[in-house]
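Quick one: structure below, then a few questions.
Chain nomenclature is as follows: A, B, C and D, assigned in order of appearance, with residue numbering initiated at 1 for each chain independently.
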Amino acid sequence: MIQQLLPKLVLTDIDGVWTDAGMYYDQTGNEWKKFNTSDSAGVLFCKHLSIPVGIITGEDTAIVARRAEKLNIDFLHQGIQDKLKTANELCARLGISLADVAYIGDDLGDVPLLKAVGFSAAPANAQEYIRNMVHFSTQKSGGEGAFREFVEEILHRAGALNSVLTHYQIG
Amino acid sequence: MIQQLLPKLVLTDIDGVWTDAGMYYDQTGNEWKKFNTSDSAGVLFCKHLSIPVGIITGEDTAIVARRAEKLNIDFLHQGIQDKLKTANELCARLGISLADVAYIGDDLGDVPLLKAVGFSAAPANAQEYIRNMVHFSTQKSGGEGAFREFVEEILHRAGALNSVLTHYQIG
Amino acid sequence: MIQQLLPKLVLTDIDGVWTDAGMYYDQTGNEWKKFNTSDSAGVLFCKHLSIPVGIITGEDTAIVARRAEKLNIDFLHQGIQDKLKTANELCARLGISLADVAYIGDDLGDVPLLKAVGFSAAPANAQEYIRNMVHFSTQKSGGEGAFREFVEEILHRAGALNSVLTHYQIG
Amino acid sequence: MIQQLLPKLVLTDIDGVWTDAGMYYDQTGNEWKKFNTSDSAGVLFCKHLSIPVGIITGEDTAIVARRAEKLNIDFLHQGIQDKLKTANELCARLGISLADVAYIGDDLGDVPLLKAVGFSAAPANAQEYIRNMVHFSTQKSGGEGAFREFVEEILHRAGALNSVLTHYQIG
């Protein structure tokens, strides 16, 4: 495989990517999401390579704010209807282009951004018509470590995965 | 396949259809349901085609009321023992007949309504004897996007799916 | 298949049978179990045939008490270490013998009772050495409707399932 | 198979081993983990053979403290960044060596300890590069009873499983 360059920014959707799309509601108006600690290694690997990580999600919850803080996410954009616009503004701020961006999303609201970035991905649980339009479909579903698989694929395609794993005494 | 007409009303059960039938109880009397954000596209597609969407469920919780409000559901009927009666009243109010209705349900309480509507469906996790009596069994189980699959099937059979997806820049 | 008699009492374990053995803990000492509304039809079928249903569980929670009340369970025994003793006492009270009892359980604490009853069952997720000692292993795992499958099997073996389903306009 | 000696200490990670790596967050800052009651038999079997059981985890929650108390875990070490150091200190205290220890872990933070113990294991859901470095990969995933399978494998390899099961009237 011809090596790809590492992206200069990794962006991700949340519901259906970091979760299995489950929206837990209770009787009092409280709400839950189920993240997967395995995905935290994906963030860690990006940080190890000095690639900033950003979240762009349509929902707006304290749940995601807390998760982003726990994992030291660089950019958090919630309540976003036009994800492509937000990504464009972020690129302008960083002095990069969308071709330098890798993005993983799973549904309708992600389509314009998935079409615009340099490397696009969708989790296994996304609709077939979403998976058909991206560069890479993960084998794992959202909430099962799809984000980590996405990051490892990026590193693998850039020939950087083994050295990162070696840093963690693996291989 | 011979094209079907679009229904004039889409009705849906909740537990076992919008959820995997899971009833989460805690020590204090609070209760949870786990919805799937993927199903929200099913509602969106109906709205795009001006087909009203209604919920008819035997349970009566603030959980479902909140989910219905979030997704702008047109008709919400909770605590219903006789779903066929409720659907009949709704049809009378809208000046349509049950033949114009599509309904998805998964269990005993859904049987009379499933038998009466123009297009009936059940999710993959329903008992075999329920799935055997409906026009369409979804491949997805309840809580995995079965409602969205039901709506996409309706649109597909009416030849309307591709134009809806094109609206979202897909295909 | 030679028809079996209907049992005079149906007993069931909870964790791993009515649930997938999941114990949800939070930071405050609260606790959750995830039931499956599909199992409620199992209780309904027993009631339709005037077979009382009892729960015998080692845990002692308000969670199970509330679920038992919701489903109108006839006998609720929580915090039980010796399930065989409890079942014997219940049989004495009802003037029946353990040979008249059907029981489903999934683990170590269920073994003595599983060995003693007239019809024993374990869900698909039980250890192989538990499933090897029972009359019937359900295809469904605990929390996926294993209790309902257990009840339907009992009715099927007694030639009573079709008439019950017919009551619900099925078949 | 040549019999192995029983370990003198069984250590375990939590997230991804006793759970499916799911991190449930709500809107208020509360947090959940989902344990599996099936794993409690693994602890019971160790206690039956007088093998102490210890938890070493990077997270630090009241959730795990409560689970450890419920199951009478002998050693609880939370918020640990260097698991190998903690295990070494524990061994020194007990007058044993790491060769006498069995450990199950699933991810990056577990690697140094997995490499150092006498018997190492990882659950089915661990990354392939983790499973490739351990003595034993469980067939079950974390949260599905992987810890119990790990303990039963240890007992099986030492020829002690059947006598333990016989104690519970199995086999």
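For this structure, a couple of remarks:
Assume a residue touches a chain if its C-beta (ideal position, glycine included) is under 8 Å from a C-beta of that chain, and two chains touch if they have at least 3 such contacts.
Because the structure is predicted, anything quoted here is derived from the model rather than measured.
For the copy pair subunit B and subunit C, the superposing rotation over Cα atoms measures out at 90 degrees to the nearest 5. Annotation: 31 Å between the Cα-based centres of subunit A and subunit D. Our note on geometry: subunit A versus subunit C, Cα centroid distance of 43 Å, whole angstroms.
Looking at subunit A, one finds that residues 24, 32 touch two or more other chains. Viewed as a network of touching protein chains, the structure reduces to one closed ring of chains, two contacts apiece. Inter-chain contacts, as defined above, occur between A-B, A-D, B-C, C-D. Of all residues in subunit A, only 15-16, 20-29, 32, 107-108, 111-112, 115, 125, 127, 129-130, 133 touch subunit B in the complex they form. Taken in their complex, subunit D has these residues touching subunit C: 24, 30-38, 41, 44, 61-63, 66-67, 143-145, 165, 168-171.
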